[in-house]
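Below, subunit A partners subunit B and then partners subunit C, in two separate complexes.
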Partner chain A sequence: MTAHPNRLHESAARLPAGRPRRAAAGGVSPAGLLALALIGLAALALPLVADSYLLHSCIVVLFFAYMATAWNFVCGYVGQLSIGHAMFAGVGGYATVLLFTGLGLSPWLGLPVGGLLAAALSVVVGYPTFRLRGPYFALTTIAFAEMIRIWVENTESVLGIPVNGAAGLTVPLAGESLAALQFNGKAPYYYLIVALLAGALAATWALERSKLGFYLKAIRGDRDAAESLGISPARYQLVALAISAFMTGIGGGFYAQFFRYVNAERLIGVDLSIDMALMSIIGGQGTVFGPLLGAVLLAPLAEITRGTLGGSFLGLHLVVYGIILMLAVLYLPKGLIAPLRAVLARLARRGGAR
Partner chain B sequence: MNAPLLDVRGIGKRFGGVHAVRDLSFRLEQGEILALLGPNGAGKTTAFNMIAGFFRPDGGEILFRGRDIARLRPWDICKAGIARTFQLSKPFADLTVVENLMVGGFARSSDTAAIRERAEEIADFLGMGRQADTEVQHLTAFDRRKLELGRALSTRPVLLLMDEVVAGATPAEGQEMVALVRRIRDRGITILIVEHVMKVVMALSERVIVMESGRLIADGAPKDVVSRPEVLKAYFGEQYAAARA
Partner chain C sequence: MDPLILSFALVNGLLIGGVYGGVALGLSLIFGVMRVVNFAHGSLLMLALYAAFWLQALAGIDPYASVVVTVPLLFAVGFLIQSVVIAPLIRRESALVVEPLSALLLTAGVYLVIDNLALMAFGPDVRSASSGLALAPLMLGPIPVNMQRLIAFLAAILAAVSLSLWLRSTRMGRAIRATAQNRDAAALSGIDVPLVYAVTFGIGAALLGLFGSLLATFIPITPQVGLSFGIRSFIVVVLGGIGSIPGSIVGGLVIGVFEALASQFVPATSAAILSLGLFVLILLVRPSGLMGRA
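So, the complex of A and B:
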């Protein structure tokens, strides 16, 4: 962060000399912008060089990065743990598929509608629990999510709508169709998830600088003090949760379109909820890029442990996660992004000094 | 005759068997510094918490600018124009000084740049301009107390409630705090201060009220009040008061 010694400030005359002022409020350094632009360009060019397998793997990693970023939007900033965020993905995924099969509604509309339904569910979960202090939010989210998963797994149809129990729903093939959000190649899905992730990161970036972001951080810091400064914790936590659930629901819709299949175990199950939480926490919750970093590191790991060992040792990846989580909490409580940032800041300073 | 800024009428609060505050009434005029005294456990913080909306009184009224605020929640009390500090300071530890001072600004404005500007002004006012970008967890205890005061100011209050702001401070720090509180009053903010340190009370307030076992036992000028037998008794015990009489 560089000081602006000649910045005109109306109260500058009253300031003690040599006071380091912050650079443009919450601004991004030119070097940072350049790095972001380069990463963005590289990401956009990837489908031109990558084969289908690599592209598929990248889509999966970016999907997890998006979901973790959505989780972080509320949990990371307000310091509450949700272990049931997958229920919002489930609502979004099932809604997208059912609206398409039942009403012929294009997934381009199904995604946001699914997101809104997920946000509505989040209000039902959050409204009673945010009034309470203590671990109620974590307990309620996991209880709700498991209830919904078990209900879906044991329900063939409700009010004439086919839910299809544990077998799940497949998306009927429509061939290569933009309107049906179905493509033969992987590249369109890749660009879609890149756009979604960019949107979620931009929303988090804006959150950090907004009233809502300051309020969430204040609630995380001290609830009583926050209340005394004009903040109703229940209200602002609920707003943030609804936005987070909306984004998560859209992620569920993307999942349904990409895999052309949804089932309760994968999309509503506790595994996905834990993935989202741990990627955020290990990468660095309450930061813009922490969850992305966590996903890039952990998602391939999850694939490897699930794929090569998971068949014989169910849940082994959770054991691996647990060990990584313990190490992270012990040695890097602010997540892996903290030391990375320090290194980048040092590099930037050295570059700037030249 | 002007109505008082704050008019507390017969409020009370019980915690199970403990009657922390009973039938407490007092008034606070615009522009004054009123000190609330009393031995440990007298009910000062409880009374304070009822005015600030953290406890709901069992009975009675609290009129602020003529409106009963006794059943409002803390965030609505803040918006009505009352700010408070906590007896044990409660900073947002992982935010910087300026960020701590920005939070309260959103209660009055949504212009982030203007809020940041004002937060920096408050940091300068506290003499903490150099620490503006320091995370609060790295501050000394006294700086945290000052920050707590500044954070309350950031909500642009009409009435400021302060609970033991010099507790644990050195004499020099105590003087600095007294000077700050005076300057806050000079900006037109009315102050209710709970304080144990007599020197501070004498230096700041024109009027003091004294509580003991939840009741109000004295109300008057600092010099008169501290020589009254019932006050001496409350502070130093029966025998001391008898010996002085």
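So, the complex of A and C:
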């Protein structure tokens, strides 16, 4: 399986034109910075005007945006498809809850510890699997995640630690407590997920400009050529995967705190992995804002069908996801962000000429 | 361990393993010819199971008789999926093979659409169909052999043999093999490649029509049943060697016996974890599978 010729052309064509285009699209221009600042301010002001239901929905949408951004950090930039990222969310979520219930460790520490455990798992899983390419890699990631899901679903306790099988774990109520990361209102959770998302976007932005980012793009373009230039695909893919798993694990911990409940089917199941991947892909993988765009467009669908149409339309949003995914793969393989960028660039140019 | 119980487990493992192999045939064929990993493979089996169920519930047709409907129905579904969903991708790609990841994503979209439409249409309830043929278990010495499973097992062997013969001896079969070897050369020698692809996908799905009818008599039918069969088919195909028809049956037998024997010593769920582990191990150590030619 060699790299696809179209991809080669793409990366070759990008080299000379890369710098000016990045400056235009990467948010470095004053107009772009202003727009970002305005969006950021609007986002921070939202809890002042939104009711609890709307705020809840926004938190869920931003959670998916964060998870898709974390997925994109490795998969979007090395061009490998992971359908097992939920296993990292599961480790983070379960670790956060168990550290709190078992050792009384504050979730403020539980989140990063869960993230580190997820990163450790990612190294164990990634070390052998990154040698595989294309569908083989994708299938192996499913296999690892399913092994963990089936194990958790059928284990009541291990070494005295209660895993609680398919029933899942609840976070004991601590009332309004900053130390226990539990709040009666939604606004604190909202600000937390906004901060996490901002961090993930900043990490991706930094990745695009780092040596690691260039290595990853080289590996995506042509792995053999990259290797012959002295870039070790295994090492750099692993580093990116560990960072991605760290962020995903923290996301799992956030999920646990926000819903005060974790179970294997939701948090380790294939559905969450597919959601992360398809939001990234539809929005535009391998870009800073693509996954955010994908989540903002897709995740509300799930919220709306669940909230207004009720149980009889249980799978409706997934049907729509599937159709949009097929259309995107066929007609917009670079994601919805590609045409959006073209429009923005044209607007910016017109504005500049005036 | 009681040898009688062990041999009972062995017989059951062989029977269900043959069925796994039969279910995986289409996945292997489609990958072998088109290099497309069909993520919707299990969903098509789920459709066939529901077709058999509804034919019995609404029209009183016995699941075994419903084969005459489910096989052509699934052929049509497969033919349509290929010509409507996947063909545009293949037209876009000028290279010899399509980019496997795009194809995987496309069929993942098909999986999401089919599984969730089924969930909306049929609800999450568990259904089952039963055949009017009340078949007493066949006694193999002291070991009872479930007849429904034996029939499905024999059908799997028969399907694999006929598929091999058909690919070897008919005009369309030769066209399919030629296209698998080299799409452009096949097109140059006058083979209608889009038609060959659509027929290949159709046959891969039609095989699931057959097993949908046969399995409806002994497995619970839910909208989610597809994914587990799909994942198990991936395991079988990778184990047997991707694209190899005898490999698919052998891989199925190995997995069936492995799970049946393992579940004598560990809980059945741990056996499922072990076979996923076996899958990862095979991919890492011998990606060409047991019967594959590198």
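In this text, the second predicted complex is superposed on the first by the 306 of 354 C-alpha atoms of A that agree within 3 Å, B and C clash if a C-alpha of one lies under 4 Å from a C-alpha of the other, contacts with A are read in each partner's own complex, and residues count from 1 in each chain.
Everything that follows uses one rule, which is that a contact is a pair of C-beta atoms (placed from the backbone, for glycine too) under 8 Å apart; a residue touches a chain by one contact, two chains touch by 3 or more.
Keep in mind it's a predicted model, so treat the numbers as computed, not measured.
Undergrad: Once the structures are superposed on A, label A:E176 by its partner contacts, choosing first (subunit B), second (subunit C), both or neither.
TA: neither
Undergrad: Give one of first, second, both or neither to describe whether A:V329 is in contact with subunit B, with subunit C, with both, or with none.
TA: So A:V329 only meets subunit C here.
Undergrad: In the three-chain superposition, say which chain, subunit B or subunit C, touches more residues of subunit A.
TA: C
Undergrad: Name the contact category of A:K217: first (subunit B only), second (subunit C only), both, or neither.
TA: Touch status of A:K217: first partner only.
Undergrad: Pick one for A:I281: touches subunit B only (first), subunit C only (second), both, or neither.
TA: A:I281 contacts subunit C only, not subunit B.
Undergrad: Who does A:S232 touch here: subunit B (first), subunit C (second), both, or neither?
TA: first
Undergrad: Taking the superposition on A as described, I'd like to know which of subunit B and subunit C A:P135 touches: first, second, both or neither.
TA: A:P135: touches subunit C, not subunit B.
Undergrad: Pick out the shared contact residues on subunit A: the ones touching subunit B in one complex and subunit C in the other.
TA: 1
Undergrad: Where on subunit A does subunit B make contact in their complex?
TA: These residues of subunit A touch subunit B: 1, 11, 14-16, 19-22, 25-26, 209-211, 214-215, 217-218, 220-222, 224-232.
Undergrad: Looking at the complex, which residues from subunit A come into contact with subunit C?
TA: Listed in rising order, the residues are 1, 4-6, 79, 81, 83, 128-129, 131-132, 134-136, 138-140, 142-144, 146-147, 150-151, 153-154, 270, 274, 278, 281, 312-316, 318-319, 321-323, 325-326, 329-330, 333.
Undergrad: Where on subunit B does subunit A make contact in their complex?
TA: Residues in contact with subunit A: 52, 54, 73-75, 78-79, 83-84, 86, 90-95, 98-99, 102-104, 106-107, 110, 112-113, 116-117, 120-121, 124, 129-130, 132-133, 151-152, 154-155.
Undergrad: Would you pull the subunit C residues touching subunit A in the complex into a rising list?
TA: Residues in contact with subunit A: 37, 85, 88-89, 92-95, 99-102, 104-106, 108-113, 115-117, 119-120, 124, 223, 227, 231, 234-235, 238, 267, 269-270, 272-273, 276-277, 279-280, 283-284, 287.
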